[in-house]
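After this come two complexes, each holding chain A, first together with chain B and then together with chain C.
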Partner chain A sequence: MKKGGLQGYVIRRLLYAILIAWGVATCTFILLRVGPISPADKYLANMSARTADPSQVVAAVEARYGLDKPLYVQYFDWLSNLARGDWGWSFSTSMPVMELIQKHWIYSFQLILLSMLFSAILGILIGIYSAVKPYTKTDYLATFFSFIGISVPNFWLGIMLILVFSVQLGWFKTYYDTGLTLFSLANLKALVLPVITLGTGAMAGYTRYVRSAMLENLRKEFVRTARAKGLPERVVIGKHVFRNAILPIITIIMFDLSGVVFGGAYLTEIIFGIPGLGRISFNAVFASDYPVVITITLIGALIVLLTNLATDIVYTRLDPRIRYD
Partner chain B sequence: MDNTILKVKDLKVHFFTRHGVVKAVDGDSFDMRRGESLCLVGESGCGKTTVALSVLRLLDSPPGKIMGGEILYGGDDLLKCPDDRLRQIRGNKIAMIFQDPQSSLNPVFTVGDQIAEQLKLHLKLGHREAMEKSLRLMEQVGIPRAAERINDYPHQFSGGMRQRVMIAAALSCNPEILIADEPTTALDTTVKAQIMDIFRDLKREKNMSILFITHDMGTVAGFADRIVVMYGGRIVETGSALDIFDHPTHPYTRGLLNCLPSVSAIRDRLTPIPGAIPSLINPPKGCVFDPRCECRLPLCATVRPEEVVASGDHTVACHQCAPSVVGEGHKPS
Partner chain C sequence: MLTKIGNKVGGLRNLLFLCALMLLALVLVLDIYAVDRILEPLGYFYIVFALLAIFYGIYPLYLSRRLTRYYWDRTKRHRLAVFGLVFIFFLVAVAIAGPFLTQDPTKVRFQEKNVPPVGFSITQSVYDVKTDTFSTVHIPGTWRHALGTDDKGRDMLAMLVSGARVSLQVGLLATLIAILIGTVLGVLSAYLGGWVDNALMRFTDVMMTFPFFLLLVFIIFIFGPSLTFVILAIGLTGWTGTARLVRSEALSLRTREFVMASRSLGASDSRIVFRHLIPNVLSSVIVITTLSIPGVILAESALSFIGLGDPTVTSWGVVLNAGQRTLDTAWWVAVEPGVMLFLTVLAFNFLGDGIRDAFDPRSQV
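After this line comes the complex of A and B, so read on.
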């Protein structure tokens, strides 16, 4: 592959990503702002208990945040602020959106990262094992559990886990404790149930994909060549077969990161009371705190776009037959 | 004088399929001598590949299973020796080349890596040394601009060049025996000739022992020292190239030779008898070739012919040549 080919491709894809992110931001802005409720009204509901004249408060708030200006002016103001890194003010939490996100992103990040690791590592290992010993008891057992894992909705799984392991057995707290130090064993323990909740479906899916991809590649003739060279079975399977089988799996895992996990993380955070971005945007929606909603939506969109791009790049690195021109 | 390097004794291989047990190799014995090129010839499906794969225990199992016999190499019976002993022999002492170079190379590794792999494994070379040696091997088998191409992937090569890569990889550890299973069948005629030149060089310059498998008598003329003719899972005739080309004795061998040089003619000539191609699931009780034989005897349908010596080294499994029958002559029944 020519280096320039890939570079040009990446630049083109990044430009698309920016364009799409702008589209997403605009759509969210329109959906949230072209409604009957002004953000000021909500703010007002909170303030009115303390102030005598509500209309004064509305005017003050609208003037303060530019909400009295025409919508298109607000839109352009907001867009240029966004570009300058000023993500606005969260009405409902009374702090800059930037600060709010800085405080909370790590909770989502650790949950998603650990779930991805959990599902990818276990899924790949079980999948390989099933493929190497197909049609044995272990393989059937893995098949059985992966079908269950795929079909169980993760919010239901989360609630069941809480009922059994937290309520009945008392092994875990029913609620995520925000007071924990982030990189501690206690924190890791608190994340066990959320990670299982979020990761199980994907893990079960990967098991199936890996199993079938490994079986498919085990039948290929280059496997016979590898054995004829005298390579030990560990290398034949772990290098020659696995490197071919993992190509489609990587795409699936990375697409999952953007799709399933983001959706699932939202629910998981709510079930377990984890103060991550999913939970914050959930609260912000009910508070009509549009700068928060828009920013989190935008971050989500950007991550989806960037992982897709990363997937493509990783794929070219791993599969020499793919070209971008 | 015993310079036998590989001895296959009464090899039996079955495939257990849904339709029944395929007796792909049914009691075959042959010797391979040091420095000779031994050619295994026979129609498609007669069990040639199965024999070759059995030598290094590379059959897919299931469905394939070695039911009996011995394959003696050095002091080992390759069919029974422990796996790690076998792995020291595979690629190092006995190397193999397959029919389809496209699918036999791993698409996600560079050709250099794939050639170097055995050098690192068996000769314990470091990465740089192994790559340097790989480069020399690529030059040896006639890959042009080898230095530029060593980091290319298999799909960037033509069929003939890929087969050269396979050969380079097989030769990397300087094996004692090279098994080549129809290495030219997937290639077009001019490329085929070039690849055959490499094999001729190997034979002439390196004096390598080569087990060469083909369905085409024309390919082996002038290359083979000795020829083993297979039909329906059994060896029907063995002899020096001279014996086979000048005095073909088994009716099947004669059929093969009559049809030279065109391969398709073999089929035209031999297949018109409806239902005649023996099913290896239910082979004929007597001689496998009996249903298609032009000079069968009543005995052929029921009694399996033993191998008999026609002259010196030349053995044939045919009732026509058995001492008890020779008197009756070669009259068609």
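After this line comes the complex of A and C, so read on.
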């Protein structure tokens, strides 16, 4: 690698991330403007019947949100507000959206973190086991269950878990208790069903990926060499096979975040009544609370952007074979 | 003369297809400006879908019967794929014929609420208005409502059949839109290269940065929930993966000898695109189509589950939502639509796996 290659790569990636962030903000702005409803209508829906003359309110709201200005001014206002961290004011709860997010993000965070740990650890372990003992009964069982796990709709799985473990057996509450202190054992217990709900699909996916990646690497010549050298099987599997199989799986886990995990967390929070960002956005949708819905969508995109950036940069450390110039 | 124009767009078949599309567009214009409702909005999607299937699915398959038979044999060896296909055919039959055979899925009968499916029975405490007392009654399942009823007395079987119709509609149409956009953008990007490729791929990156489901909720929130909008929203956001895949395939095809040879013989851009690039990425497109249908069906039912689906249609998600509210009194309302959804997704996954293995010459079936 040429001198400063990695640094240059990181800088280029950062600039690219900023470009994408700009694209995301612009797309959102266009969607908002193309949409048939103006924020003023949504605001009115919230304030309905409180005022006598709606046209006056519309004018006031449009002036308040700068909707009477020309489109390009609105666009630049939008970008600069986003960049300055001024993400608007929630209609339905009457507080800055950022404050609302700060109050609730931890619930989503703990759910997503725990279920990612659950799915990654279990998925990788089962995958390794299946690959080391392929075409045995356990392997077939694991494959069968991973097929089921991939196909079962996560929101239905959640409801079925509630039906069996909460309604029939009474082991858990049917609802997430918001009164629990975070980072306590009781809180962890309350999160068992949600974590299984969110993590099962991903776990099944990782099982299959790990299994096939391990099997592919097991056939490679360096594995035969390692065995011929007389290395213990534990070292061959752990160092030679697993080390090579794990890299693509990291990308898949990160990629899942945008496609599966966020959507799954959204639904899981709704089913179990966890007051995370998904639940906030869901309430906001039905309260016509415009800024909250936008902000949560943008925050989701931002997190995906940052994880992609982080993955790309971490990759340079994990895989010395990758060149960046 | 006709052949000459036909060659411009890569063959008579494409010309016929484009003509049919234009005719449809004309009908659409008439529909909007002149005549009152010739076709339902969804009708247009269906016609485009049928045209595409005939011109680019059935006809080429019929032309190369030997290859079709080969692929079919390879798919058939996957027993699970055959199960998937049978289930999908069953579902299509139910969706088409079912609504004529079942009761009205929206008809509310409070006298017959919470009837369990055949073979099950529940005990329930019922309030009698005349005597002003509660009495415990034993309600057995009846054949009149083979799969039971929900808490408003609506027939579960009828609701599931209606849900099958919605799911298949959304699954097929939204996937079709997504795959079409993805294929066209992917081929264009790979073939034109340069700044077009750059711009399209940056746009794809931007779209991929939005979490899929959050973007869907956002779009439905802005444009309002109707079946057409749900289909459009899923179709217009779900093309990114296809675009990337098709682009990378077309990029590698572009430098292959037969494309070079064709170009050195003086073939036009459109001929290379239509005759060489598109037919050669078709097998991957077919595989990715089958594999993306389940995700689309899940997205629709998730949307209607959280109440962002079309409020006028009974989809599995809506029933599931009602089921969650009555888990302690009527478990079957939540179980049945989920089982259907699960089996449908499973069937498409099996079929997709079978087709992928059949089209992949490296795999040993």
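The rule we apply is simple: the second predicted complex is superposed on the first by the 266 of 325 C-alpha atoms of A that agree within 3 Å, B and C clash if a C-alpha of one lies under 4 Å from a C-alpha of the other, contacts with A are read in each partner's own complex, and residues count from 1 in each chain.
The rule is simple: a residue touches a chain if its C-beta (ideal position, glycine included) is under 8 Å from a C-beta of that chain, and two chains touch if they have at least 3 such contacts.
Everything quoted here is computed from the prediction, not taken from an experiment.
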Next item on the list: Superpose on chain A as described above, then tell me if chain B and chain C fit or clash.
Entry: fit
Next item on the list: Considering only touches as defined above, state whether A:Ser92 meets chain B (first), chain C (second), both or neither.
Entry: neither
Margin query: I'd like to know which partner A:Arg243 touches here: chain B for first, chain C for second, both or neither.
Written below: first
Check: After superposition on the shared chain, which partner residues are touched by A:Thr311: those of chain B (first), chain C (second), both, or neither?
Finding: neither
Margin query: Between chain B and chain C, whom does A:Gly23 touch in the aligned arrangement: first, second, both, or neither?
Written below: second
Next item on the list: Mind working out whether A:Leu31 is in touch with chain B, chain C, both or neither, as first, second, both or neither?
Entry: second
Margin query: Looking at A:Thr197 after the superposition, I want to know if it touches chain B, chain C, both of them or none. Which is it: first, second, both, neither?
Written below: neither
Notebook entry, point to check: Between chain B (first) and chain C (second), which, if any, makes contact with A:Thr297: first, second, both or neither?
Noted result: second
Notebook entry, point to check: More chain A residues touched by chain B or by chain C?
Noted result: C
Note to self: Here's one for you: vertex at chain A, rays to chain B and chain C, all C-alpha centres; what's the angle to the nearest 10 degrees?
What the structure shows: 90
Check: Tell me, in angstrom, the smallest C-alpha to C-alpha distance between chain B and chain C in the overlaid model?
Finding: 14
Notebook entry, point to check: What part of chain A is shared between its chain B contacts and its chain C contacts?
Noted result: none
Item checked: Partner chain A, residues of chain C touching it in the complex -> 202-203, 205-215, 217-219, 221-224, 294, 298-299, 301-302, 305-308, 320, 323-324, 327-328, 331, 334-335, 337-338, 341-342, 345-346, 349-350
Check: Across the complex, what residues on chain A touch chain C?
Finding: 19-20, 23-24, 27-28, 31-32, 35-37, 147-148, 150-153, 155-156, 159-160, 162-163, 167, 174, 257-259, 262-263, 266-267, 270-271, 281-282, 285-286, 293-294, 296-297, 300-301, 304-305, 308
Checklist line | Complex contact set, residues of chain B against chain A | finding: 53, 56, 58, 87-92, 95-96, 98, 100, 103-110, 117-118, 121-122, 153, 155, 166, 169
Check: Which part of chain A faces chain B closely enough to touch in the complex?
Finding: 220-222, 224-232, 240, 243-244, 247, 318-321
